[in-house]
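Structures are listed in the sections that come next.
Paired with chain B in one complex and with chain C in the other, chain A is shared by the two complexes that follow.
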Partner chain A sequence: MGDRLERLAVSSARIPFRLKVALVWVVIFAFLGFFFWVAKFDTDWMLDNFTFIAKGLQYTIYIALGGIAIAIVLALLGALARISSNPIAFGISGFYISFFRGTPLIVQMFLIYLALPQIGTNLHVQYPELFSRQFEDSLVLDPAVAGTLALGLNYGAYMTEIFRAGIQSVAAGQGEAADALGMTYRQKMRRVVLPQAFRVIIPPTGNEFIAMMKDTALVSFLGVSIQHAEVFRRAGLVGKADFKNLEALVLAAALYWGLTIIFTFFQRRLETRVSRGYVRTEPLRTAELPSEELSDLPPHGKGGGG
Partner chain B sequence: MRKSSAVLSALAVIVLGIAGCGSDDSSSGGQAASGTVCADTNASGDLLADICDAGEIRVSTDPAYPPQSSLNKDTGDYEGFDIDVATEIADRLGVDISWETPSWDVLTAGSWNGRWDMSVGSMTPTNDRQKVLDFTQPYYYTPAVVVVNEANTSVQDLTTDLDGASIGVCSACTYEQFLNKDLDIKGYSFDYVIDDADVHGYDTDTTALQDLALGDGTRLDAVITSLTTAQGFIDSGKPVKIVGDPVFYEPLSAAFDKSSPMDDTSLVDAVDGIVGDMHQDGTLTELSKKWYDGTDLTVQQ
Partner chain C sequence: MSDREVIIRVENLHKRFGRLEVVKGVDIELHKGEVVVIFGRSGSGKSTVLRCINFLDDPTRGTIEVAGVRLTGGFRTRRKREQIRKLRLHVGMVFQQFNLFPHMTALDNVRVAPVCAGLKDNKAHAIELLDRVGLADKANEHPIRLSGGQQQRVAIARALAMRPEAMLFDEPTSALDPELIGEVLAVMKSLATDLHMPMIVVTHEMGFAREVSDRMLFFHEGVVWEEAPPEKIFEATEKPETRKFLDAVL
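So, the complex of A and B:
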């Protein structure tokens, strides 16, 4: 058996690897298409309702972008606190990570959506001179805002560990060198440590963002208003009303998958960009190069130097 | 420093952008017309006065349940029996109407925190719900029916043939309480004809019906749901059928938040009176016949 496979590999060596991979994908999609056909989905209904569900993409992306923005800010602060020697900062970030990683995202959403207003009301009733009616009203959050906050807080806790690992992956000598040059803590972080840490941080952060885009579906459990509903809520709405749940869910799955493919593409470009200083290029012999090409050479070791 | 404040302001823009999308659109409130509740009331400082002053009542609905409530995708408007009843109530109050769409769990749990004022969402006033919500008199009664797979021939007599069967229902709803024999509504009594059912709870009735459509006894032997939901599912071409007469009729009422920041007593009384008037002058019967194929569901069976 192994012998046969080996002979096949040798004899097909002239077919490019990428072509073989493409062929595998074609076969998988043929299977998927077959399952789709066998499941007898109502394709007319799916075509009719595609635009209605797809309109939710806008809000899915808003919520995910808002969530990741909050998460990045929290993760950066959390990571700096996690490696600092300040007991208050260390304690707060330790609690933050423990609580938000230790409880389910959907519970956090309901806490922010339902418990915050209750706290506001009770504070207003008990201490009316300290907490005004405006304060009370400001805690009654819109479902989409409550969901975005919960996503940001939850993912921020996971990403704190990613950021901490990224910062600690920068060689200790880099920070010592910055200290030796007389840089302040802030200068050292901004000019020396963080730019190098981001090379390590970006790939897993992109990963978290892609995961978050699909967790935006949880916001629908709070009951977002229809005009501003994201993909999953819209799919649930028309699916339930017309008894076409499966068709609606398949449409939603396709939309989320499409989004993920697009953002994976951008993530890859960003990764290439932040790690460009580490890419090994073939040593070029200057004698063989025409003079104008020489000036276009990428600057070597830009990110690696101190 | 400048960079970090740019990030923060971008963040603020995103969050505010979402917040701005929050409230539903509605036309501005006008002066209350004569003959309406708002024109005649001398309420002040409570929820009714607040609604009259704003010229608008915010009503919750879940537009996934035609013919009670659904979204017309072409016009973007809600339509259905509940929608018409709520609109008529708002007319007789003398205010405009706007819609919120909270999830059912959030709605039935009470503590609406003033996010919306009233629910006209086919809710049964069970004793448990009465602890957190205030209800009007019922505006209609939904028959609960037993649905089985089309291939099923064994279920003939509902009082005996379903004992011990696997029955699917929506979780935490009245049908589940009926099977567990703890459906308590003040002023109503129910005849629990099905014994020792193996109750399977689903997120909505539709999922339970879909499981039933897979085959007779594949996962479920029967589903208990409302007549309208069952009929809609059958009309969409699924292989299930209704057997026997309805097992019970559940009263459905408009609901208000007991713990609302403002006193809701005068509003509940006003809407209760309006529902009574709508029963008397035949408005509800007319709306029921319009949405339920000529059936009058507004009288107790």
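So, the complex of A and C:
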């Protein structure tokens, strides 16, 4: 048997490796198709419900984009606090990171969705003159908003470490050179340190975004209304209603998978883009462009005088 | 030594890293148009003194005065931080490792500080400075595409961009291949002879020191061990430690 396999390996040595791998994938999909056929896979039902479930992609992407936006802001602030010598900033960011990395994401979601309103009610009942009715109502969040907030807070805590490492990966001499030129802290960060740090930060942030797109499925546990439901919630709803859980879940999985494949492709391109200007073998394109990055900015920049 | 205007004055400078005292009471005066070379063994505190002058390292004790801005060592307050920034605008610094900003072109490297400070005509000035260091044709290149010597010359142009009244050179040629040292020293020499730029240079280039400097300071064990014009240092030093060091490097 082993002998035969080895002979097969030798005789196929001229077929490119990638082609062989592609063949393996084809075989896997063929097996899956066969399996689904045997398991009485209802493709008609899938076609009927595809649009309904796929419409959830919109909300999946909204939640992920909202979450990553919150996470990036928090991670940047957290990282700057983490490398500062200010004990208050350092302490707060330390608490934030520890709590949000130390508790499950689903617990955080329910804390924000269910526990927060209770705090509002109790405060309103106890101190009605301090905490108004509006305050109480403002803590009752839409499930999608609560989920987005929880995702942002949670991923922000993890990404703080990515941002901190990225900032610290910029050579100390860079900051010193900016200091020696009389730049303010904000100018130094904006013009010198962060642009270099982002080169290191962007690829893992893309990974976090892709991971977050999958974690948006957790928001469905908060019970989003059907019109605004994301992929997994929709799949669950129709799957249970028609006893077609297999079809619904396979459809949901395929949609998430497709989404991550697309974004992984874009992330790769972004990665090669941000590493430009560091590669000596780059064609001379950079030399032909006029140096306009700085001249487009107003003379003071945004960090001027700060 | 002379009654010319003092640009940089260092008084009783002490610097301690933890329990290790690296600089133990140093006094330096740099006058208008003067070139001072600091030399000595590694660990003698030369670079630390230079870094203390523009507060890249905070002096533990002592006073630094640059172009009328006078600051004492010790804890940084908010007010002092702002004064440190003012002081730095009066003095340019060139580093051993160049520290050019890799994500900017040579021109933007030179321009970025004036742009941050809101100075007018910074582009024309930057091109003029690149021309002065002989690199006007490399204005739109990123540092990675320049040789070490070219990078250091851009760094000199960058340090000049804020129109400083004095320059600090921290071993500017130590990271360079031997054949590239000359072009950097030539630029430094032109700053001294053409612009009469006052400068403090930490270097082991004794040829440059002999030719360009007005005074030489030999650092030994964290103090100024000997201070004299180059002719005296090279021909008739009084201290055996200086002699020993010179014999080793010459």
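Note that the second predicted complex is superposed on the first by the 240 of 306 C-alpha atoms of A that agree within 3 Å, B and C clash if a C-alpha of one lies under 4 Å from a C-alpha of the other, contacts with A are read in each partner's own complex, and residues count from 1 in each chain.
Simple rule for what comes next: contacts are C-beta pairs under 8 Å (C-beta built on N, C-alpha and C of every residue); 3 or more make two chains touch, one makes a residue touch a chain.
The model shown is predicted, which means the values in this text are computed figures rather than measured ones.
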item	value
Partner chain in contact with A:T121 - chain B first, chain C second, else both or neither	first
Partner chain(s) touched by A:V145 [first = chain B, second = chain C, both, neither]	first
Which of chain B and chain C A:A235 touches, first, second, both or neither	neither
Contacts of A:E176 with chain B and chain C, given as first, second, both or neither	second
Touching partner for A:L80 - first (chain B), second (chain C), both, neither	neither
Touched partner set for A:Q196, first chain B, second chain C, both or neither	second
Overlap of the chain B and chain C footprints on chain A, listed as residue numbers	none
Residues of chain A defined as touching chain C within the complex	171, 173-174, 176-177, 179-184, 187, 191-192, 195-196, 199, 277-280, 286-291, 293-295, 297, 299-301, 303-304
Of all residues in chain B, those that touch chain A in their complex	7-8, 10-11, 14-15, 17-19, 21-25, 62-66, 70-71, 73, 76, 99-103, 105-107, 109, 111, 113-115, 204, 206-207, 209-210, 232-233, 236, 238, 261
Of all residues in chain A, those that touch chain B in their complex	49, 52, 59, 62-63, 65-66, 69-70, 73, 113-114, 117-118, 121, 136-137, 140-145, 148, 220-228, 236-238, 240-246
Footprint of chain A on chain C - complex, ascending	54, 56, 85-86, 88-89, 92-93, 95, 97, 99-105, 107-108, 111-113, 115-120, 123, 139-142, 144-145, 155, 158-159, 161-162
